[in-house]
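Chain naming follows the written order as A, B, C and D, and within any one chain the residues start at number 1.
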Amino acid sequence: MNDLLQIRVLQVLPLGWDLGWALILIPLLPLAGFLLLGLFGRKYLQRSSGILATLLLLSSTVLSLYTAYGYFFEFGKVDGIYQKIIPFQFTWLQFSPGVSIDMGVILDPISVMMLVVVSFISLMVHLYSLAYMKGEERFPTYFAFLGLFTFSMLGLVMSSNIFQMYFFWELVGVSSFLLIGYYYDRPSAVAACKKAFIVTRFADLGFLIGILVLAFYAGTLDFNTLIQRLTSTSAPEFQAAIASSFLGVSALTWALVLVFIGGAGKSAMFPLHIWLPDAMEGPTPVSALIHAATMVVAGVFLVARLFPVFSMSPPALDVVAYTGIFSALFAALIACTQTDIKRVLAYSTMSQIGFMMFALGVSGWGGENGLGFTASMFHLFTHAMFKALLFLGAGSVIHFIHSNEMKDMGGLRKYLPVTHITFLIACLAISGVPPFAGFFSKEEILLAAFNHNPAIYWTALITSGLTAFYMFRLYFSVFWNKEATVHGEHHGEGGFAMMLPLVLLAAGAAFAGFIPFGNFVSTDGKPLESAFHLQFSIAPVLLGLAGIFTAMWLYKKQNDRPASIAASLSGFYKAAYHKFYMDELYLFITKKILFNLIGRPAAWFDKNVVDGMVIGAGNTTQAISEKIKQFQSGKVQQYAIYFLAGVIGLAVLFIYIWK
Amino acid sequence: MNDFLILMKSELVITLILFVLLIIKVGTEMKNDRFLSLVQFLLLANFIAGFFFNEAGSLFGGLFTTNALMTFQKSILSLGVYLISLLFADWLKKSEHMPEFFILMLSALLGMFFMISSGSLLMFFLSLELSTIPVAAMANFDLEKKIASEASMKMILSSAFSSGILLFGISLIYGATGTISFTEMPALLDGSPLQILAFVFLFGAFAFKLSVVPFHLWTADVYEGAPIAVSSFLSVISKGSIAFILLTALYKVFGPMHNVWYNMLMILSIATMVIGNLFALRQQNMKRFLAYSSIAQVGFILVGLSGNSFEGISSVVYFVLIYTFSNLAAFGVAGVISQQTGKERIDDYKGLYQTNPFISWILALALFSLAGIPPTAGFFGKLFLITAGAAKGNYFFITMAALNLIVSLFYYLRVIRAVFMDKNEQPIEKINMHPSTKLGMIICGAGIVFVGLLSWIYDYIVALTV
Amino acid sequence: MNLISLIGLPLLTAVAILLMRNPQQVKWTALIGATLQFALAFALLFTFRNERAAGNEAQMLFELQYNWFPSLHISFHLGVDGISVAMILLTAFVVIAGVLVSWNVTKMTKEFYFLLILLSFGAYGFFISLDLFILFFFLEIAVIPKYLLIGIWGSGKKENAANKLALMLMGGSALVLVGLLGVYFGSPERTFDLISLSQLHIPITVQKICFPLLFVGFGVFTALFPFHTWVPDGHSSAPTAGSMFLAGISMKLGGYGCLRVATYMMPDGAKEYANIIIVLSTIAILYGAFATMMQKDLKYINAYSSVSHCGFVLLGIGMLTKTAMTGAVMQMVSHGLMTALFFAVIGMIYERTHTRQVNEMGGLLKVMPFITTVLFIVGLCSLGLPGLSGFVAEMTILMGSWQQPDTFHRVATIAACMSIVVTAVYILRAIGQTAMGPIKAEFSNLTDAAWNEKLAAVILIAGIIAIGIAPFWLNDLVSPAADIIMHKVAGK
Amino acid sequence: MMEPGLYHLLFISAALFFIGVFGFFTRRNLITMLMSIELVLNSVNLNFIAFNKYLWPNRLDGLFFSIFVIAIAAAEAAVAIAIIINLYRSHQSIDVENAEEMKF
């Protein structure tokens, strides 16, 4: 039925870079893996499934690197500006003239950058999982789900149409749901995956309504057109979106805030972050891939994608900024108190994403103002590296010790040398110690904040100090602290398959910072010279080091200082330890309000009132028929009386009353 | 002389059969089942003969008139009688007075024929009595049963009373108009109070025969007490004949007063449907149940009658045809069962399907048809009646009718449920029927299925009416 | 393509079934019949598409008209447009799946399959008839088989459920009847023909009376609040195939009627009452969803969620925009497939665990991976996962609803959106408690799906995914027809 | 002595009618009820005759009608008596109140 599906080629790529098929293959290869393993994995591919999936992903990684090279260095730049290129598109679902879901591919700096990140990290995780998940009964299923996730994530970053993005957005959510619930027979895992899905779903509600509003005003769902129409102050669409307001806030702001809610849900911004820590129930590599490197930054990516429109509405940007910075601090505080190593990492992820968010929030449009944008994307890039690395490292620790609890760990540096080194590198990177990757990106963010909003800047500064502290708290208490208590035989670091990703990522974490990121990614596509002001960098670095040394002082050797400190600020500590009681709050809302105050009454009403009416009607009829049976008395004379009464009644009625 | 033979053909045939039966009865010692098959043959012949040599015309100075429609109505009735002779074969074979039964039934039928084609109130009155009195005797056919005699007593007394009322009405009309002939009367009707009074009295008698609420009370008792064959005769044949003559009376004779009788019909039909349904809801005895259901059916007939258009006529005739098949099938099943097992309560029917699938399907068809469920003919019958009645755009009336459809469905489903769904330790055992009974049921079933789907039957009736 | 074949085939199958000797023959006859229906439906789809591609712009294709009761202006008038084709496809899918899943019905097999096929006969007839009388005829034909299916082969309080269902549906059709007669006598020209009626202008006074009658009448079939109460009981006590037909086909009769008869014939009435419809359907959507959260019985869960989903259908109709209307039809198809599949799965689970209480199950994923995977898929479809049909339909409806710019419609739309979250909640609860978690000892040696169950599931999933990943074909099929209706509503 | 007019006769017949009806309603003995019916019928006859004589003297419809009424009344009475006799056989009484078995 080719008359249905017309693929429109919008921009023909220059000769030699006709990437059409490559571009389609990048997401489709993982999908193929998913279908293959999902359908036949359990029966035929029990052993080989992992290799197969990894090879598929390897090829799509190669393709995306190829694409990235082509875009950044060959054809992407037209007279000094990186273009938004849409090689092709086809109408997937036509709603009304102009408004349609088009499935297409968009190439611009951020999407290409994300392509690289996603495929690369995913490849690493695949490799790692080969060893980590060995011997699992549902080994093929696991890789199938990974494939599904990678497909959706790649599709998400390449989306050329906001509804297409929503499409993959949901798919990402589901694959995350499936992977968190991978150990489906653990009640905790089941609860976690349900929680993750429902919370993000709730946020997506905002995204959806936001899309509806945007589509209504812009009259299109296509990103480019939408951005054009809503950014040129002269365009009638823009006028309409500004003019019409609800509760004194312009429709445009409403739409953007709603969309941002969606992003906040995925990116675990306060107060929608509660699913992220629980999501650690999933296999550790999954946490590395989904809940550290890629999916959780989808929210950041969404805001970045719509950034031109955001920049037209300062209120919306403020919302982004303040949510971001608050989440960053909030998470950092909690992270200092957690004892489950994965949860610490989870909260640090939340905190780092907070950095990216408020970086976007403080950014402006074009030139130097756009620093925040660049910084945010840069941090996204570096963070992907070192956070994935941290998780994988944590993975091999857990793999080794069979526990998530810090108190079971300590002094592992002898047993896990590679892990130890790479983990250290990652910690340095995230703490923003030069010359590691995190340093550069964080500096830019802080700089942008400094230029824009001092309050945010100072908070960010403190937070980065905290970051250093809790990361090294983790590092020391895992690798130093008390002597390791390793019982029985142990299988070192899980061999090559597990170490190679660590090393590669460590390299990334170490050197990614030297990439002149501004040259590639900026608000307006023009190269942005990210200058270094040494004196500016002093404060954060010092703070970071301070954090590190405090951690060392507290946790390098086993001692009772931490306990005493915790005791000294008991109330606050307790609150932070209990994640400021957010879960309890949610529990209250759902259980008490949603179920007891709405669901139960609804069910009761249906059972007793609505149904009751129907039953009642039946019973009334029966009752009446019981009542009037005297009418038929069996006495022939009464029959005759009724007869005559009827006749006379009719006669009277029609002679006198009803003429 | 010649046209006398042609025009009164149907009546003459019946008379002939009557005499044959009398002679056989008196002169010979014929075995019951030979006699039965003879009668069945004669009735079939009579039914077939009804379709030939039909001419329109009138005799005896308009006392007797006939036309194509009337002959068709008559053949519906003779079809019904034929079916009765088939369906109740078992019961008839057992009773030693079978010839009398047929003689009485046929004389009643003769009366109905005359009534249908009566051209004056005198003729109408005479034939009405002729069609009533023998039935009263028939009702008492099981001489030894107490309730039978009670039933026939109730019937004869109340019908005597009703004919008293009727005659009083006739006399008033005669006084008001000075004529008793249907042809002269319409011109003289002006809806004066006296005429309305007279009409109401007259209509009371019709309503009594048709068992319209509140003139219906004898019905249930008589149906219950009388032998099922007689009940079915009452419920189908005599009701049908009255419906037919009512068409003539209302549309032709009292046409000028139609705004009076339209409202009257509306009130009465709503009352009839409601009361009939409400009483049917809580009946346990199958015969009584069918009695009330047939009362409710009459309510629908009145809906059609109220249309006062050729659709009214054709839909009523059509419905009576369908009703003959459906109701006779239901009565036939009830008859067979009570004949063979003596069980008449609905609860006894539980699990019937397990032992007697054929009977159960016939019963189901009949009840669905009575309830007006497609694709059975009853659906079309009911729908056309309502369509005819809706012509006046009286939404209240139509909605009432439609809602009563649901209530009626409720109790018909009660029987279906008992037959098909309910468990029963000792269900009615396997019944082996007289072949002619089976034939009768098959005819009824075929009628129920095809009379509706084959639209030419309705078109034929329409062609007769206009 | 002769549309008679579409109703002739089921009829022949039914008769053939009656002639069969033993259950085995009966089953195979039914299966063959259903397969032929399936093939026929696709043949119809392709011929229809070719006709359109060939530029045949007639509103109805393959029309035929025979005289039937001409004196009452009734004619046996058949014809299909995109909407009908979509519904016919849906019916074919559900029928074949229903026949397959009820493969091991042992009690009165012959009657069972006879009634199933009779039901499909009624459904096909309803979807292709262009004459109000025969439309009504087929509508009522489809009721009694359901009554018997539930009453005889059902479970639980089946008699009461069957009674309630039959009476409420009959009540609905009684209202429809009154409405039809009102139109018949109220329209300038006495005819039951839908097309000619839609060209005539029915007086506004008549529309004001008849539209609510017709809409509510049909609405009862498609669980219009507050006339939905037959849905939970009926579905939950019906046999598996019965529930599939009930929710998959018969609830769609109502939606189709609301669209084709009520709205198309009486656009002014539709405009008059649109807001009431929207309010009721929005209530149904949310209230159904919330009521579902409280259910423990899988069948009740799906029944109430059907109330919620069918609310979307009515919402799409009430919004009176082309997009929303297209979405409504899509939702009918999608929900039909989805809910049929859901009931099929529930049936499979019930056959093995002998319970439908979610809190009595757990960890079934371990022992019956296929069935639980299907459960996952259908659940995700129900909560509107992209790539499955539910997403497409609901998004289309919401996009269409948002085109109505005033606050009232906005509020309704947002409320409808919210149901998506609630749906996620109850679906995940159900799946989590049945499929996931530690497995109970007594379930640890249950078997996975048999061939017939697998086949049925695969067929339905194929339908769901076909819509989910390539909605454009359905859209191209439906939206022109919806456009015609909307033109009528817009009065152009 | 004056000759009675139409209204006298009508009055008498009406009286007869209601007496008959009253008897039919109140009497318990079936035979008596039958007799009350006869009263009703006779009132009708009186009506016919009177109308015929005073209003439409030139046609004999009324006269004939009353004759037929008498005949029919006889027939009806015959059958009724037979039925009553049979009832007496089964119930050992002809009191209407003893024959109220079927009701509701």
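By our rule, a residue touches a chain if its C-beta (ideal position, glycine included) is under 8 Å from a C-beta of that chain, and two chains touch if they have at least 3 such contacts.
The structure displayed is predicted, hence computed values, not measured ones.
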Most central chain, Cα average position: C
Selected interface, A-B versus A-D, where C-beta contact pairs are more numerous: A-B
Whole-Å gap separating chain A and chain D, where each centre is the average of the chain's CA atoms: 98
Euclidean distance of C-alpha centroids - chain A vs chain B, Å: 77
Distance between chain centroids, defined by C-alpha means - chain A, chain C (Å): 36
Chain C-chain D separation of Cα centroids, rounded to whole Å: 66
Contacts with two or more other chains, residues of chain D listed in rising order: 21, 24, 33, 96, 99-103
Contacts with two or more other chains, residues of chain C listed in rising order: 167
Numbers and ranges of chain A residues touching at least 2 other chains: 618, 629, 632, 634, 636, 640, 644
Pairwise chain contacts under the document criterion: A-B, A-C, A-D, B-C, B-D
Chain A - residues contacting chain C, complex: 1, 3-5, 42, 91-96, 99, 163, 166-168, 170-171, 174, 181, 184-185, 187, 189-191, 194, 197-198, 201-202, 205, 208-209, 212-213, 215-216, 594-595, 598-600, 602-603, 605-606, 610-611, 613-614, 618
Of chain B, residues touching chain C in the complex: 311, 314, 368, 373-375, 379-380, 383-384, 386-387, 390-391, 393, 395, 398-399, 402-403, 405-406, 409-410, 413, 416-417, 420-422, 455, 458-459, 462
Complex contact set, residues of chain A against chain D: 629, 632-637, 640-641, 644
Residues of chain B defined as touching chain D within the complex: 121-122, 125-126, 129, 133, 136-137, 140, 143-147, 149-154, 156-157, 160-161, 163-165, 167-168, 170-172, 174-175, 178-180, 220-221, 224-225
Chain D to chain A touching residues, read off their complex: 21, 24-26, 33, 96-97, 99-104
